[in-house]
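I am attaching a structure below and will ask some questions about it afterwards.
Order of writing sets the labels: A, B, C, D, E and F. Residues in every chain begin at 1.
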């Protein structure tokens, strides 16, 4: 029995409010239940120094959590003077996941930065960030196309992410904070619209797991991502 | 003529959504037109080291701006590894303004931290932060009273803040970004519910100003703060 | 009764030793009683990157306090690895105050940096810094004119600053450390030679204040700045 | 055809020199071909502050790369003043992998730190680090047992790690630098002596992958870890 | 011929103004020609954590240079966020030199910090700092004795320092900036009142040197330190 | 009697393994008894910004100690976010010592960086670093000559370094850790192949020393460096 009363393969309510802010080229507020992440896509008409003149664009991400997004207040990374290892690991994952579906040469010599800021946290902030980042990116690229700055669409596919885990011995989909804190294994899957996989990160916590468990978690992830893909479509008017 | 078409003494629409987040003891989303600030109040049942055992509480604030709260993306302070001078100046002002209306010994040996994070910026983020921080603080203290942790109310008064300036030669109330960027003088007033003043910061930009101008700006600020006080009352159920 | 025995509108002894150091283009040691600040003006024949090619110069300031300038030793900011919020707030104020009287295009594409280092502190270090910085700037610009690098004088006016406050219920001029630590309101005024105002920062400490008090403090500031202006004139040979 | 001429399921030569340094409680120099990592285990008879008094021990890891471990010199992290996101990600992975096989309460209130320093790099530094860290940990725990400080063995199982990837369309085992730089998918597997899995991190690079590919990589990893387990046994005299 | 016209064994004018600041327990402004260093001694009635309860005191030093102490402005270390290697090397040398003449157990469980801040630089700032630090320390310890906090004098001897070098082929005493920039060898000697040596740092610059040269420089240093010892005596009333 | 049983003028066993790593242009593992330092020389075909276009090359050094090189684990400088004063002092000394024997204009506009990483420490790490750095530099320059990038040899002489000290009243050569921790004076000598001196750093620890002692230590250093020079010759095939 899950604390929330959900079925093992039941997602929390997924919500995506597109164009949430006025300044960003693309943005959304994505909710996985009580987890709320504000994602903005910012286009800059130049690439980072190490890519200059290579005839391709770049997509990168930054991640942050507001100090009181969590049950008890965490310290502000800007005040501490550095980003935690966890923050850096997450923002590297987000950027990599998005680049998996973007044709960088087709993007042209520009950079799109996805800022994922967690307004409220209840588990799954990195997977909500990836799923929302795709929407913000999609909207920003749509604008580049509408403005005539791009003629071909550099986004090859949709990308979404979800966490699954072994909770009280059973594989469950879309862990909330209570489940996440007590799961024996915790896996994040980044899946592509065509059924392929962009990333699997499956970690034992307390108990190790076997190949069968890995495959059952992957199957749950497919269920969850199908739902996210549908919500992404609606949010981006597809 | 103001770019927004407002009258010289006309505020933007002020909105306050109380209890905006689920974890914080007090919170609100405050809007001054397109400026949106999320404020949370976090109670910790101990004071900072330098106050331990002094029989009083503390109220402090931190301020941040999401990288794409602005027209063009700014760099993330956590990634740069330090808070700008501007950020530190603003968070010191917010904390000081709130402490001006709190009886710290009556608060008991606890600390309340007001986190003010700018979701979207269009001028006046520091005054919106102060005005919203009062609401989050009020809600957090109400909870302490409701929980029986406080018997007397340590908040003596309301506090609100507004910016005024000399724009194209005329004193105007509640500067938006375009006005702020072009004003010849820019003043932030922190006013108390009883008509007293907690802070005046009036800065010449390009042209210096005289005593008469200072007083006219103060009078505009009184008009603006009256409106904010009313909105604060509604948001906190008073 | 003030701890020093001074009358409410009585300044401490103001001293300015011009050309205090041999290397700087302009310099002075300014004393407001026991508060001693060494100010140097350094001319660099280029502007900061964000101003390049804009046909104007820049004036900026840095502020520091020697570790044992105060009653008990403070930690060295260079050793701690960062400047405090207070330091940054003060150096921003100094720079802004000086720029209020300089015609930046007339200065040409060069930068003048005012370094204000507090040798000994007894209250009023930021106002002494501003008042001394004007002298160092004046001397440095005089040298540019003497060297034929400038034909027109880019300094439009004198600028001076003084603190006033409500101490034991009475408005007093030029707070020393004991008064500053116990004042109910603390205001710093940056005034211009022509009677105009460059900056007002008036902060309630413990008790809030009203409009009448603000005006009385401003009147005291005018008395103090008149005396500083006269001392500046003598120090710069005017 | 692999650049090294190896068969798809062929490892590089694995070497482990136990007790490589004189001061550490456990240590080894592990080589995966030209990749050489020096690992030391340091025992401290206290736990980190957040674990004090909880009746359990802790195992953690730090990772570093000598500036010229690589083809071209990289900058020294100590000189830059911070560890890269990559470094932090790797050291978190190493610590987590080792903790997956340690009974922390049985370790007692002590901390063991595994320092993994890459002397020479040719791909696979994180998997060599994990595999070598187990040896250093084993040797350090053996010493605790020999010294009578532990009566029961807190290490439940062996742990080893290996990278696999899709190179020129074919799944291959134990990527060297050239393969790693050109692989279409890159997966790190952390496996347990009993056949279970501690961690899977499988990342698409350029091309996404499917479930079948994931399973084929896992099977290769089992081949590689079997060889590492045997080498670990020899190095630790089992 | 030396640029200043001095004889090879001729010092610049040495000046020491004792009790230069009002707050420090001991202080002086020391001048070696145009080099001016303000030194303060601050007594703290506790030792650093690693010395607690060891029944001895500690003497340490910090060193800084005002940004415009030099011919062209250097950047402020507090603003850059770290002390240079040169600064750290110098402050370690100053602390070590002073500790060479202090009986630390006799000092009791207290720490004395010598802050050496260079107001104006013309070569020899580290040797002026050491020589002035002894005066500030002496005055601070005299106060401890006068206050009855110490009964026995923990200072065993005087200490002074001077630089010598090979300039245009000839050994010369007390290098100024021009000589220092062009010397073929540069040596700093820290000598004790009884004729013993606390530290020699002799560095080849461009040309290496031989044993005979080292001894000739040491002999010059003895001449210079004799003069400094006499000036120290006068400044401390001995 | 020395703890190791060595005669006063007896070195530990000196070993140098040239070409210890595969990527660096020059490298060696140098051992002074249990002290082991890995040194690599990295050639970059450009000079640091402040030397650009000056028609000369540069030689610089960086130094680090693995956390468990020592008896008890030290914290990792990369994790602490800064290099200690000791580290900076040592790396400045290494660079300076090597530059003393290199004709920088003859090196051409390239930089050679010597990375000295202490694998295991038992006293004398800085002198082993200098002695090993010369070997790595020699091998790297030999390669430049072999590749036809240099026609004349820019290395004028050999350089080696050794520590000596007064231990239990007697001058001894090549201090190990136990001696170093208890020596009354500790001197590092950097000597040149032709008998000249590049650097002397002789520090009193506890007891000051006299001129005679300094000379006796220098004589011991000559004995030690002769042995190092011979080992360097063998390692570099001379």
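Rule of thumb we're sticking to: a contact is a pair of C-beta atoms (placed from the backbone, for glycine too) under 8 Å apart; a residue touches a chain by one contact, two chains touch by 3 or more.
Chains and their UniProt names: A, B, C, D, E, F = Ribonuclease PH.
No experiment lies behind these values; they were computed from the predicted model shown.
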Checklist outcome for this item: For copies subunit A and subunit C, the superposing rotation on Cα atoms, rounded to the nearest 5 degrees, equals 120
Next on the checklist: The A-B interface: which of B-C, D-F or E-F repeats it, judged by over half of the contact pairs being the same residue numbers?
Outcome noted: D-F
Checklist entry - For subunit A and subunit D, what's the span in angstrom between their mean Cα positions? => result 28
Item to check | Chain centre separation (subunit B, subunit E; CA means) in Å | outcome: 50
Checklist entry - Any idea how many Å lie between the Cα centroids of subunit C and subunit D? => result 59
Checklist outcome for this item: Residue numbers in subunit F touching two or more further chains are 81-82
Checklist entry - Circling the ring from subunit A via subunit B, which chains come up in turn? => result A, B, C, E, F, D
Checklist entry - In the complex formed with subunit F, which residues of subunit E make contact? => result 82, 85-86, 88-89, 91-92, 96, 100, 187, 192, 194-204, 208-211, 214-215, 218
Checklist outcome for this item: In their shared complex, subunit D is touched by residues of subunit F numbered 21-24, 27, 34, 38, 40, 42, 44, 62, 64, 66-73, 76-79, 81-83, 87, 113, 115, 117, 119-121
